[in-house]
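Each of the two complexes below includes chain A, the first together with chain B, the second together with chain C.
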Partner chain A sequence: MIVLLNAATQSQLIKAAGETLNLLLMSALISLPIGTLIGMVLALYEKKVFKQSRWIVRLLSIVVSIIRSIPFVLLMVIIIPFSFNIFGTSIGFIPSLIALSFIGIATVARLVEQAIIDINPTLYDLAHSMGASKFQLFKDFIFIEARSSLILAFTSALVSLLAYSSVVYIIGGGGLGYTAIQIGYYSPVGQTLMWVSTLIMIVIVQLVQLIGNVLANYLNKKKRGF
Partner chain B sequence: MKKIFLLINVLLLGLLSACASDDDTLKIGVNFYPMPEIVDLIKDDLLTQGIKIEQVQMDYNVLNTPLYNGEIDGNMIQHQYFMEFFNQANDSNLVIAQPIYHSKFALYSSVYDSLEDIPNGTTIYVPEDVVNLPRALILLDALELISLSAGVDVFATLDDIESNPRNLVFEPRSLGTTSSAYHSDGSKLAIMYPTYARDTNNQLMDDSQVLAYEELNDLTRTYAISFVTRANNLNDPRIQTFIEYLTSQKVRTWIEENYGWAATPAF
Partner chain C sequence: MIKLEHITKSFNDKNNSVHALSDISLTIESGKIFGIVGKSGVGKSTLLKILSLSMRPDSGQYFLFNKDVTLLNSKEKKALLQETSFIYQNFSLLYNLNVLDNVALPLKLRGVDKVTRHQKARQMLEFVGLIHKSLNYPMTLSGGEAQRISIARALITNPKLFFLDEPTSALDEETSYEILKLIKRLHETFKPTIIFVSHQIQSIKYLCDRVMLLEDNKVKRIGPIQKLDTLNTGYDAVWGEYL
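Up next is the complex of A and B:
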């Protein structure tokens, strides 16, 4: 199918794929660490591992839910004045990255929370009876137990981010969404471009999912028996 | 947490300075076909005049904000009324620099062969937004299918219909969904832009289903899709040169050949 496209369209697609991957990578770099941190806090306070100031956690949980419930297209538009006031730009990469990071952090936080909550609760008693400190509980018990589900959570979050990144063309972020929708679907002569862009998205998702599955399998304590 | 946010800010600021581009470039906001193609067409010619063009491609609904903020120098996405809405809402000073083309606007039907065949009580799909609905009503008024109250035109609503002898039933839809609503109701009657008119699967690029086109007159010419700038950079020589090339014979011929089924040049 690619060979059917002329050189201009090919370079357009390569540029778009680059923009999408760049957005995906940068927003992942921002949202994975912060989201994981928030998700851990949410899950561990819920598990009563830490007992102080539970109202902060409830507030955090509400904020995460609010971000996740704002329609993403609206979120991007809301971010425009915010982005202009802070970074001096209302178009393109920066506001797209901010919007993607917001939704990415919220998504990762929820998924990580679920992964941690799923841990067998006897683990905490076990760690406690073995005299583990809070850091050791974290490093040697929770992390080991949950790492495979965490990888799957990250994989799922990455795929969500990719899906969200396909609409940032609305605020000038470009990417494969732009070639697929704006100059693909909306153009009377863009059918091929639309399908090729979609195909590239499918390939990216398959790769991300494959890597995630392999890694999760490798890190799965139960299967590997250590 | 604070430290992390600080870190992100620093990271983002770094990125920002990395992708800040030079000021010699004329940045033109474009969105839908055929504007990116038109800009591409004259890009090389303008380069020989020492003007570099950069396309900023984003949704037309948010393209006026960067123009107003001074991040881009002009955009090619709207007509006068869309611009006036933005000007009113933001107290801004965008101006029409040059009309580019008149979008065709038409009454579609694949069932009726003439206006006289339209039976009593037919459902008609019309645009729902505050700019295109009046335009549709003006078209119906011109075709004498309805008559509007005297003196209302570009702000007309369904309430301004004074008489409706065929008892047409109005079904407002968004521009993008009118076509499928029309087809799922037996392709009887709809008012659409050819750009949005689709057969069941494909773009409808001929007039096989067109019952009547909107006529170009003083009123309908005001709906020309235009090149818009801020009042304070309209006289920038680079903008003037851009307009000169935008209205060249080359662009006119290109529009007529490639987009003639949906528009006529407005220069």
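Up next is the complex of A and C:
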């Protein structure tokens, strides 16, 4: 299908795919570690591993819920003044990355929280009975048992980020959403570009999901036969 | 020596307070197997949590290895916990670690290098008769095998005190007997103190030197097991007649 596009459109498409991958990669690099940390804190408070400063964690949980409740298009618009005040720009890559990172952090936090809450609760007693530190509890018990669920959580978060990235063209973020809608759908000769952009997004999602599934499956030894 | 003096514990919610343990006093001599028996809800689990330092009593004193644990900070408690091991009803193995790594886990937490901890883990697996399962994952094990692995894991740190929380209640009769025999062999070989919580009179009778019967969150009776027969007609009948 891509051969049906002329050279100029092809280079436009390659540039857009690059922008999408760049946004996806950068927002993932920000939201996966921060979201994981927040999700972990929320889950460990839920499991009563930590007890101090409970109100801060409640506040954190409310903030995460609020960010997830705001429609992403609206979140991008709300972030514009913030981006302008801090980075001096209200359009383009920076505000797009900020918006994606906010929603990414909130999404990852909730998915990680759920993955950790779901592990066998007696592991906390076991870790305590062995005199494990809080760090060891996470590294040698929770991470080991939740790792395949965490991989699947990260996979879902990446797929969501890719979906969100398709609308950042509204604030000048570019990407495959721009080629698919702005110069694909709205142009009388852009139908092919719209379909090719969509196809590339599908391929990226399938690849991310495939890698996530294979890795999670490899790390999960809870099935008989390993 | 383990000593509890006038231990009480209550749980409070918004409207009322529930007594989980009332005025529990007991002494357990080193190297003995002490049984705690009672029906569900009488406070066995709460007492075990207090004994294993995962819960604080509301009042009373608890001396473990001659230290008053109610006065210890969390670091000192962790040091004491290194002298103990726990064996659970549901085995509590990590499903994503193979058998060898599960057994070696307590040594990993203490910073022992991989070669040494795996060597020690193999010795423990030899002891429980499952060296051939070293590279298996827990989901491939039977219940009896999983409990043997958790016993090997508990043994690896050479603890002075074992807490056994209903270790055979998830197993069939024949497998339970095999596990009890293994615990007896463990006791004969390593001479640790064992606190064994169970609602199965037969298991208590097979293993324990002395037994405490909990009823209504209090100590009903405490003493040696000598004449308990194969009766299982309710705790009152058994204990009323024989102690």
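In this section, the second predicted complex is superposed on the first by the 221 of 226 C-alpha atoms of A that agree within 3 Å, B and C clash if a C-alpha of one lies under 4 Å from a C-alpha of the other, contacts with A are read in each partner's own complex, and residues count from 1 in each chain.
Everything that follows uses one rule, which is that contacts are C-beta pairs under 8 Å (C-beta built on N, C-alpha and C of every residue); 3 or more make two chains touch, one makes a residue touch a chain.
Please read all numbers here as calculations on a predicted model, not as lab measurements.
Enquirer: Does chain A have more residues touched by chain B or by chain C?
Expert: B
Enquirer: Going by the contact rule set out at the top, does A:Ile170 touch chain B (first), chain C (second), both, or neither?
Expert: first
Enquirer: Is A:Thr89 touching anything from chain B or chain C once the two structures are fitted on A? First, second, both or neither.
Expert: first
Enquirer: For A:Thr192, is the partner it touches chain B (first), chain C (second), both, or none of the two (neither)?
Expert: Neither partner.
Enquirer: Between chain B and chain C, whom does A:Ser160 touch in the aligned arrangement: first, second, both, or neither?
Expert: neither
Enquirer: Is A:Asp140 in contact with chain B, with chain C, with both, or with neither (first, second, both, neither)?
Expert: second
Enquirer: Based on the superposed arrangement, let me know which partner A:His128 touches: chain B (first), chain C (second), both, or neither?
Expert: second
Enquirer: Applying the document's definition of touch, where does A:Val77 land relative to chain B and chain C: first, second, both, or neither?
Expert: In the superposed model, A:Val77 contacts chain B only, not chain C.
Enquirer: Taking the superposition as given, does A:Asn120 touch the first partner, chain B, the second, chain C, both, or neither?
Expert: second
Enquirer: After the superposition on A, what does A:Gln209 contact: first (chain B), second (chain C), both or neither?
Expert: In the superposition, A:Gln209 contacts neither chain B nor chain C.
Enquirer: Same chain A residues contacting chain B and chain C, which ones?
Expert: none
Enquirer: Touching residues of chain C toward chain A in the complex: what are they?
Expert: Contact set of chain C toward chain A: 52, 54, 78-79, 81-82, 84-86, 88, 90, 92, 94-98, 105-106, 108-109, 137-140, 163.
Enquirer: Across the complex, what residues on chain A touch chain B?
Expert: Contacts found on chain A: 26, 30, 33-34, 37, 77, 80, 84, 86-94, 97-98, 101, 169-174, 178, 182-183, 186-190.
Enquirer: Considering the complex alone, what residue numbers of chain B touch chain A?
Expert: Within the complex, chain B contacts chain A at residues 4, 8-9, 11-13, 15-16, 19, 31-33, 36, 56-59, 61-62, 65-66, 69, 71-72, 195, 203, 205.
Enquirer: State the interface residues of chain A toward chain C in the complex, per the touch definition above.
Expert: These residues of chain A touch chain C: 120, 122-123, 125-126, 128-133, 136, 140-141, 144-145, 147-148, 219-226.
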